[in-house]
Amino acid sequence: MNFLQTEPIRILLYLVGICAFVGANAAYLVLAERKGAGRIQRRPGPNEAGFGGLLQPLADGIKLLAKQVMVPPGTDALLFRAAPLLVMAPPLMCLAMIPFSDSITARSLNVGLLFVFSFGSINVMALMLGGWASRNKFAIISSARVVSQNVAYEIPMLLVVITLLMVTGTMDLNEIIQQQGGGFWKWNLFKVWVNPLMPVTFVIFFICMLAETNRAPFDMAEAESELVAGAFTEYGGMGFGVFFMAEYANIVVGCSLATVLFLGGWQSPIGVLSGGLWGAGWFLLKLYALIFTVIWIRWTFPRTQFYSLLNLSWKILIPISLFTLLLTGAMMKLPVVYNHFF
Amino acid sequence: MIAQKDLIPVDNGGDPTKETFVLNLGPQHPAAHGVLRVLLTMDGEWIQRAEPVIGYIHRMHEKMGENRTWAKFLPNTSRIDYLSAMHYTHAFVGAVERAAKIEVPVRAEYARVITSELNRISSHMVWWGALLLDLGGFTPILYAFDDREKILDLLEALCGARLTYCYYRFGGLYNDVDDAFLKGTRDFVAHMKPRLKMYRELVTDNIILRKRLTGIGPLSADLCRRYGATGPVIRGAGVAYDVRRAEPYSVYPKLEFKIPTYPEADSMARYLVRMDEMEQSLFIIEQALDQIPTGPFIGKVPRVLKLPVGDTCYAVEAARGRFMVRIVSDGKEIPYRVKLRTPSFSNLSLYEEASKGMILPDALAMMGSLDLVIPDIDR
Amino acid sequence: MSTFPFQDAILVAIFALVVGVTIGGALIAALSTRIIRGVSGLMLCCMGLGGLYYFLNSPFLALMEILIYVGAVCVTIVFGVMLSEPDEPAHEESRRHAVLWGGAALLVSLVILGGVAHLGLRGPWQEPAARVSDGSVQAIGLALLTTYSLPFELISIVLLVAILGALVIARSGRTKE
Amino acid sequence: MSLLTALRETVAGFKSLLTGMRITAREAAKPSITVQYPHDTLKMADRFRGHVKLVLDPVTGKSRCTSCNLCVRACPSDCLTVEGIKREGEKKKSVSEYTLDFTTCSLCGSCVEACPSDAIEYSKDYNVVSLDRAEFARMDLLKKLEAEAKVWAEKNPELAAAAAAAAAAQAAAATAKAPAAATTASAPGAGAAPVATTPAPTPAVAPVPAAGVTETRTT
């Protein structure tokens, strides 16, 4: 046990652990998505490879790996190859910060929240470089959309997070979770005495998360009926596979962040059994419930129009999140002011 | 063929700083529904000019009509617009019957109405699902196909085919409508009513869909008239033009139904017209099922059909609009000319004018609301 | 923490890597002919800078560097490049001009480098008694609103100007007729 | 637009989204309706129009086709080839070659309607596959019928025997009339008749195996 806790081994373990977690999630969330879509559409989904289609991700992976890596003529070959790497790195980095349980965190940092956001913002760059380097008109249109969309949604997201920071007073993710212990009514989602609009804040965060990860109904980057495959039109084989996996890895990061910030992370909803592996269990339960919602949403709604997406951000989400920010500030300072004067 | 100068249109309005590029939408593109190609001259995401390039699936149906007998051309008619095969066969059969003065038994006419309206519903379901695919919603098409499958099963049991029915014959039908079919149709009508309510709740009332279609691609009644657009497109522009009422045929005069119109003339209006039409079709089917008499299903037809010299037209209200067949006979066994007036062709023609200045996804939403069937354009 | 073997060597290696990334990124940014690669180099350089800040015991600043410079500024630049760069690389300016401007730029940067180096070598270096900021929200808020309130406000003015400038440019470009 | 209406619209829009999600959740709870095709198959409707095939006459065990070529004339895409021969002792011609070019057939069914003697019908094969294009370009329907006749003969030995006897009688009558021609004429079904006892030779396109004639005579 002592040997396991030495720093190099710990780092190695977590490195392997995170890579495995991201890889397994990315692979099996694809299957879960297809199965979920099948369920909603009253069909079985992939069910031929392995028992109930469990080997489908493996089959897909082999197929993608066996494909020739094509760099189409006219592309910027270096950036074209670099983009898939760049798109996969941020979610891997971000997951290092996510506390899976009170004792399972790859790297605890007192500015963990900021870390997640700063590395999360690189993701856009990767999609954009990939699209630009493809030298494909559809891909470039898609890149332009990705940027405006991500820039537009980063603002309400950060506003929401600032609201939350005012409530928690810390950027350490583990500490944020610890503050939410003792039952689901203590989760930030239900802290209506701090800010009566807390559930709305969560909804805004969730919508922004969908938009930032380019998920339906905000999947402007891959609007297949308009832009063929968007930014990755020219990618084939594992290049495409990595983009595809990164999408799911980003969803995992986004949903775990939502879990940590609003749903009490590894805290048990009933106030007991929240340490150690129990905590990890609760965390994963909440995480996958959110991911399931993301899948459910994708297979229910049509895609939003691009300008109504921006309108939603600038005209609805930003004003509301600004209002909640002000409201939270006022609610927090009201007792102080009251005590001061009376 | 497209000349080189058309491929690189310089359309910057005399302003050299305005950069445009040409986006080749199709012939292989997810939104092109078949092999339509649209040359888009774009300024960013704004469409400067959208030029449809057609002919990729041209099959010379009209020419084929000129070198085979009347009966041999019949199978072709269900392949022009494969989604509303019944209507197309109806128009051709009707034209020949009108020219040859063949009496059609009443039972056959009622059966034609029932099958035509079933076909209209199934065609609108494909449109509904495909439009939502264009808009990025994947699930509705599977729900629509689930219900459409019931129609196809009914029609398959009746005439043996699921798509290219070829069910009508000169003077009647290929098979009699049996009781199983009539009962199945009654069940289907009962099944479909709550489903239409579900469609409305899932999609029509959805805020995202409303935002995407309301106010998008207005096609004024004047524009529709100039390009000869018919069907739900012109009804969506507020004009109550329906061939079933304007040029009554078959037993439609005996049946009651409303012509749904919406004056907004946008994509949402066309959407709502089709949704209402499905309801009206169900209503028509119910009446026809109640009124259908017993009797023969095919009239007296000469073995070797020779039409008198003359020029005959027959129009029907197909799912996409007015489909008209004009046949010219010179008294021989083989037609002198078969002219097909297809609705999708006219409905597409206005696309270039209407899509000017639109943003790409909106233009595709509008194209979806036109309900194009590419073989119907190229025929 | 203490049980890490070759801790110092690894730290030196990482530091060297970070410095290498910074300088390499800067060189790519300055020397590549395609603008898009230049921006990518700039992005690399900013990442390296973030690493340097981290070595200076300021994780908050390091992350802010990445969040703002990579996540926002570089993205905006690439966005601009994407919309503005012509298909063909811009034709080479005449050699005389290039030499002239290059020489001037070199001179200016040498002067700045000399000045900074002079200050660095002459200035008194001392270990901070305690870490200025531990990265906690409270400490940062206090610092921004008391000690560094003037720079903070100045930055917001710069941002305002930048937004206004972007709006002006965008409006003139998008006006029809 | 006042702030209040904007807010109300936002709430109404959000509600419509929740309605949509409720519906998909409800649908997700319903059972799957897929037919797992290669494992399960659907029964084709009685009137299903597959490619045409020759009808096996349940009395004679042969085709009813008289090679009148009406189907060939009715076909809009010229995909049928019918050859017939006039056999001794038979009033009508019988078919000796019936091939369908399935690559051009549009399954319209004009041939079936045109047939005066109900000799062709629609098959229920909807999943005909082949690695060889020629198998579709020249689909030998007569061969298929003969294979069917073999099965039929195994199933109904007494009917087959009766049919064979009838054919033999006819042939005998024919030989009585014109003994010189007897060696060349026989019905294809006759060759398959003794199958009940001994396996018949593989049906070939060439309809008159000389051995079949002698065998028929001996029975």
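A few remarks follow.
Per-chain numbering from 1; labels A, B, C and D assigned in written order.
In this section, contacts are C-beta pairs under 8 Å (C-beta built on N, C-alpha and C of every residue); 3 or more make two chains touch, one makes a residue touch a chain.
Predicted model, so just to flag it, every value in this text is computed and none were measured.
A centroid comparison over C-alpha atoms places C as the chain most distant from chain D. A count of C-beta contacts for the chain pairs B-D and A-D puts B-D on top.
Chain B and chain D have centres, each the mean of its CA atoms, that are 34 Å apart.
Inter-chain spacing, taken between the CA centroids of chain C and chain D, is 78 Å. Chain geometry summary: the mean Cα position of chain A and that of chain D are 58 Å apart. Centroid to centroid, with C-alpha atoms defining each point, chain A and chain B lie 44 Å apart.
In chain A, the residues that reach two or more other chains under the touch definition are 40-43, 144, 299-301.
With touch defined as above, residues shared between interfaces to two or more other chains in chain D number as follows: 17, 20, 23-24, 27, 33. In chain C, the residues that touch at least two other chains are 83.
Pairwise chain contacts in this structure: A-B, A-C, A-D, B-D.
Looking at the complex, you find that chain A touches chain D at residues 38-44, 47, 296-297, 299-301, 316. Across the interface of their complex, chain A is touched by residues 1, 3-5, 34, 36-37, 40, 43, 50, 59-60, 63-64, 66-67, 70-72, 74-76, 78-79, 82-83, 134-138 of chain C.
Remark: chain B residues 68, 71-76, 79, 139, 143, 146, 153, 156-161, 164, 166, 174-175, 198, 201-203, 205-208 touch chain D in the complex. Across the complex, chain A meets chain B through its residues 37, 40-43, 137-138, 141, 144, 216-217, 219, 223-226, 228, 299-308. Within the complex, the chain B residues that touch chain A are 21, 23, 29-31, 44-45, 132-139, 142-143, 146, 202-203, 206, 208-209, 211-212, 359-362, 364-365.
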